[in-house]
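Here come two complexes built around chain A, the first alongside chain B, the second alongside chain C.
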Partner chain A sequence: MNSAGIIAVFLAALIIPGIILRTKSIASGRKGPGMFQPYKDISVLLKKGSVFSTTSGSIFQIAPAINLATVLCAALFIPFGKYGALISFEGDFIFFSYLIALGRFFSIIAALDTGSSFEGMGANREAFFSMLLEPAFFILMASFAMATGFTSFTDIFSNFYLSENNFMLIFGLLGIFVFLQTAMVETCRLPVDDPKTHLELTMIHEVMILDNSGFDKALIHLGTYIKLALYGLLIFNLTIPPAWTFPVQLASFVVIQVLLALAVGLIESFRARNKMNKNPKYILTISGVAWIAFIVILLLGERFIN
Partner chain B sequence: MINYLIVAFALTLVYFASTERIITYIRLIGLQGLLLCGIALFELSDINLGNLLFIISETLLFKAFMMPFLLSKIVDASGVTKVHRLAMPAFYTLLFSIASLLISVVLAASMMNNYVSTIYMTIALFALFTGLILIVTHRLIVSHLIGFMIIENAVFFFSLAMGSKMPMLINVGILLDIFVGVLILGFFGLRLKAHTNELTRLKD
Partner chain C sequence: MIPQAIFAICLFGLMTGIFLVTKKWKYYLTLVLVLAGVFLTSCWSFDLFSSLDQIQEIKIYPFGADSGLIFTIDRLSAFFIFVINLTVVTGILYAYGYLKPYLNSKSDIQLSIHYFSYLFLHYSMLMVVMLRDGLAFLIAWEIMAVSSFVLVIFDAEDKATLKTGIRYLVQMHIGMFFLLIAFLIAGRETGITGFDSLPAYFSTHPNFGLFLLFFIGFGIKAGFLFLHTWLPDAHPAAPSHVSGVMSGVMIKMGIYGILRVVFQLQNDFLSIGLTILIVSILSGILGVMMAIMQHDIKRLLAYHSIENIGIIGIGTGLGVIGLAVHNPFLIITGFGGGLLHVLNHSLFKSLLFFSAGAVYQATHTRNVEQMGGLLKKMPWSALFFLIGSLAICGLPPFNGFISEYLIYIGMFKSLPASSMYQAIILISTIVALSLIGGLAIFCFTKAFGIVFLGEARTQKAAEAKEAAFSTILPQFIPVLFIISIGLLSAWFARPVFSIVQQATFLPEAADLAAPVLKNLTGINLAGGIFIGLVVLLLLYRRQHLKNRPVACQPTWGCGYTAVTPRHQYTATSYVYNYNHLAKPLLHTRKIMAEIREDEIFPDKRTFVSHSEDIIKEYLTDKPANWGLSVLKRIAAMQTGKIQHYILYAFLFMLLVLILTYLKLL
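Presenting the complex of A and B:
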């Protein structure tokens, strides 16, 4: 059952994009496309070949595959409730984070490889925002490690609810906020980025993939969907005690993923995108909240001050 | 329950550093008043009923309702909606705020003893630094006033940090509330303009 995590991620990745799309359609009063339209688009893209600019090199050609591969590998480290992850070792959350960062690094250098000034601009923004976001994830995971005394995802989440301290609930709420916001930034969602935007000057992630087409573009979209489901699974692990029975956990997982997709859809329907110069402040606020989680464990958990 | 309220208070301080709209500042000041009222209610449940009622009603009346109301009236009258364009960008203010949170923890830990509550001391120092940052980095008098009110909330936390040994300090903190109320009324009476730093009525 250790493969439950990765199966759950794939299943969630199947439904999340469709629910986001349907939510946005209903919220804006449109009939809109069906639930599985994103995957119909991907199947069309997969059947096409890729077109490469003569100015781009081999990095541009391999980057989409590496990006998807890193996300898939990262999924192997996330447990599903009481069922541990397929791969688990001390400090695996650092490896997880750097796997995601490796995929992003290849996306950035692939964008630079095209020689387009617009894509370079997008790469610059992506690198800057990632630099601001990564501390939030590390601080939060370090706080979890301090709270539970373990440093792997499987051990952290299986021991998270064993503590009877009331500050663990505060901790959980702050953690859910940070994971949710991290998911929104990592998967290029509103209010930081807009996956539907088509003005190069205001784009971040989408401007980096302007030159990608066909099969490569399908891989990039798949990677983004799986990454969103991955963060949904992290939120699930943080929310649901591992002691619950498997059917209840499965139902909770579906509910959490649907709620995540609904939240993303509603935010994208009713909220405007941030001005570009407000994004650093927005992302740094996530780190600020993560720091508060860290202070909570220092003070209330009496790890540092007795 | 107190822990939840303290964490919510810390979150409002982070939000103070990241926002740039005066109306949000005022709402946050009101929210901080409500949180302080809740913290006082749970923390000071041992003191005599009359004193507790006085503290609760004062916190609720002055901090949560009267001050935000007066501030919103000042803002309506002056037409100021956002911080001055020359104020330090919120990104840097936020960086300072996060640094001040860490400094607060270290300072509170270094002065740890049996008479001082470390948690209250940390949040008091964090509020003090946030208020100071707001005052130093902003240009409008309304921002300065709000920074002063955050410092005043910090004083309330300082008094709670030592309240178990010196209950009189809490009442001294409340006197400061009344002083701030009079100060705001003074600004209200002055009919504050949007740009007080521009001389518009000079004659030859």
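Presenting the complex of A and C:
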């Protein structure tokens, strides 16, 4: 059953992008493409050949594969409710976070490899914003570790609602908010980045992959979808008491992923992207919310006394 | 022990031989002597890890005398001996190719002095970690400072280099002064000078004051923030093999000293631990923040040394806090992570300096803005720099991650049982460490991207050629260790834990280390799976592209077709938005003339921006300049006229007379 997590990640990756797309189409009153259009796009890309820039070198060629490998490898650490992850050890979320950072490192230098000033700009923004985001995840995981007494994804999530303290719900909500926002920044969605923008100067992630084509571009898209699903599953894990039976968990998994995709789609339909120079503040706020989670746990543990 | 004494004397004889042989043979003689030192010390420290609580003592009493040098090697010393030997050997192997261009331009005696100092630096560092007696230790410490000074001023024809060297020498002696006082204070109270006097002193006196003296003395060598002002100048000035050794191991001698003192502490653990931790966090964050602003590639690496010393210090500080709150797990992982990071940093930092040196020799510049596109011209150097960058950012599956993981896991596992204050300390450290990681990625994507990727920005970069095979080959040694620590972590972590066990007398250390070693196996497994995935994907990609049309075209220019390399993103533009945020801390200055309204056809303009190291400015530069200006004003008395000097003598006598009359003297 330990592979439930990774299967769930792939399932979520399969449905989330399509639902986001559908939500956006319906919200904007268009007929819009079908549910599986993102994967049809990927299959088209896979059939195509590739065009490489004369400037770029080997980094540009290997980076998309490395990026996807980091995401796939990170999926091994994600549990599914009480069913543990494939690989689990104490502090596996540290490895998870640094693995995602490794993928980002390669996508940044791949963008710089093209020598394009647009892509340099995107690379710089990606590096800058993700640097600011780094503490949020760690503060949140530290609060979880403190609340549950465990230090791996599997143990934390399977013990999350075992505590008798009902305030864990508040804590879970703060966690969901931080994970959701982290997912938005990591997968380059609104309000920090707009995947559908059409001007190079206003892009972050899209401008980094201007020169990718064919197979490489398919890998990059796939990586982004799976990454979003990773965070979707983390959010799912935060919401599910382990006492529920497997069919109930499965049903709630589907519901939560659909809700997540709906939320993302609605956010993208009804709000504009932040002004670029407002982004640092916005991202630091996510860390601020994680701090609140930490203070909540200090309060819950009644540690203010000693 | 007599054969060893004879061996040592023979070594000294051979060392002077460096001055006598021809230019070509000087190198080989130095190499042989370095290897002899490596062989000897490795033999001495070899069986320390086989049995518990063993300490090796080697007494070198010349010609039947009843006193002399006593080398004491415990596991901590043995660990540092390993680190020293590894980097020094790599450095000397690298020097063969690196010094080749200098063979004609440098005179016989200059090369002799250089090799001789290199050898002395090696031997003195070995002695620093083996000597326990205060005076002998300080002499070895002094030899280390002077020989590294000589190595730094290899290019002394350049006045700036000489000035940097002298600044370095002065600051080393300030540090030495603190150490001397610390040893003397402990010696006066206990009757013995040296590290052996510390337990007796610490058990009867408050620890904090004496520790602070040691911390400043050793911290100047290590390059903790506020004590680092020599470091960003000295590393770029030195030739690259020397920078590699200095940054890789010599600054770690400061860490060794701090650890040696820390392991003797008897009380005041919490205040000492917090002091180390706070200074280290500041070093880590500000070190990397200042590194981002640097455009001189070796200066950038030098600032990263401050950052990494900060990470080592964070581990050490957590270990001391663990001692204070009796948390054995934090002790083991804190000290263990710090120590492993000493080894890790020595590996990736020397590798980075070596590959940066190759770039410098190929392009004749250290300014990253004048490089670009070197990946295609210097594939090996680029690969080494990339591996070094990934490792220094603490990314898996390389070695930097392992030591950072140890520090992290110690903190995370200590959180549930901690009180509020401890929890706040731990979470702040976690945040600091994660921020350092993020900033390091920002810095090294910039460094690697601007230096090696894109198009060559200048003619110099366009004409660059890969370094000679003899320069590339030695760099495989650190690469090998970087990868094996990343993938066979438990092998390296186990001895490190046993060092902490011996030094802190923790009986339960082995039990505590076992789950951590198990976690490391998990990390290695995941790292292996990751590498497997990458290889699979790349192989599939190759197969996939074989049957599809692949074309090469210019980079997408948004419709603009006359793109030149100057349109590329530069290092300055890369840090622009970061600079916006960090400006208050970094004192970035822009020098430019605004275009006036009446200028219809503006003249040629220049734009200069640079960031100052505020700490250096306010802690050393300004006081030093103030001292100079005061002295200059006093120099007005020095008129050169004999009458004036007689007047001064007369005035002085008058003063004495008056003071005596007033019974003030």
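What we mean here is this: the second predicted complex is superposed on the first by the 302 of 306 C-alpha atoms of A that agree within 3 Å, B and C clash if a C-alpha of one lies under 4 Å from a C-alpha of the other, contacts with A are read in each partner's own complex, and residues count from 1 in each chain.
One rule holds in what follows: a residue touches a chain if its C-beta (ideal position, glycine included) is under 8 Å from a C-beta of that chain, and two chains touch if they have at least 3 such contacts.
In this text the structure is predicted, and so the values were computed from the model without any measurement.
S.K.: Quick check on the chain A-based superposition: chain B and chain C, clash or fit?
M.R.: Chain B/chain C on chain A - fit side by side.
S.K.: Touch test for A:69: chain B only (first), chain C only (second), both, or neither?
M.R.: Second partner only, chain C.
S.K.: Under the stated touch criterion, name the partner, chain B or chain C, that contacts more residues in chain A.
M.R.: C
S.K.: Per the contact definition in the header, classify A:298: touching chain B only (first), chain C only (second), both, or neither.
M.R.: A:298: touches chain B and chain C.
S.K.: Once chain A of both complexes is superposed, is A:285 in touch with chain B (first), chain C (second), both, or neither?
M.R.: First partner only.
S.K.: Of the partners chain B and chain C, which touch A:215 in the superposed model: first, second, both, neither?
M.R.: So A:215 only meets chain C here.
S.K.: Of the partners chain B and chain C, which touch A:89 in the superposed model: first, second, both, neither?
M.R.: second
S.K.: Quick one: classify A:115 as touching chain B (first), chain C (second), both or neither.
M.R.: second
S.K.: A:138 in the overlay: touching chain B, chain C, both, or neither? Say first, second, both or neither.
M.R.: Only chain C; A:138 stays clear of chain B.
S.K.: Contacts for A:167 in the overlay, against chain B (first) and chain C (second): which applies, first, second, both or neither?
M.R.: first
S.K.: Give, as a whole number of angstrom, the minimum Cα separation of chain B and chain C in the superposed three-chain arrangement.
M.R.: Minimum over all C-alpha pairs: 7 Å.
S.K.: Find the residues of chain A that appear in the contact set with chain B and again in the contact set with chain C.
M.R.: 280, 298, 304
S.K.: Spell out the part of chain C that touches chain A in their complex, as residue ranges.
M.R.: 372-373, 375-376, 379, 386, 390, 393-396, 401, 404-405, 408-409, 411-413, 415-416, 418-420, 423, 426-427, 430-431, 433-435, 437-439, 441-442, 444-446, 448-450, 453-455, 515-516, 518-519, 521-523, 525-526, 529-530, 533-534, 537-538, 541, 544-545, 548-558, 565, 567-569, 573-578, 580-581
S.K.: Over in the complex, which chain B residues touch chain A? Could you list them?
M.R.: 3-4, 7, 10-11, 14-15, 17-18, 89-91, 94-95, 97-98, 101-102, 105, 108-109, 112, 118-119, 122
S.K.: Per the contact definition, I'd like the list of chain A residues that touch chain C in the complex.
M.R.: So the residues of chain A touching chain C come out as 46, 48-59, 62, 65-66, 68-70, 72-73, 76-77, 87-92, 94-95, 97-99, 101-102, 104-105, 108-109, 112-121, 123-125, 127-128, 130-135, 137-139, 141-142, 145-146, 148-149, 151, 200, 210-211, 214-216, 219, 277, 280, 294, 298, 303-304, 306.
S.K.: Which part of chain A faces chain B closely enough to touch in the complex?
M.R.: Residues 166-167, 170, 174, 278, 280-282, 284-285, 287-289, 291-292, 295-296, 298-300, 304-305.
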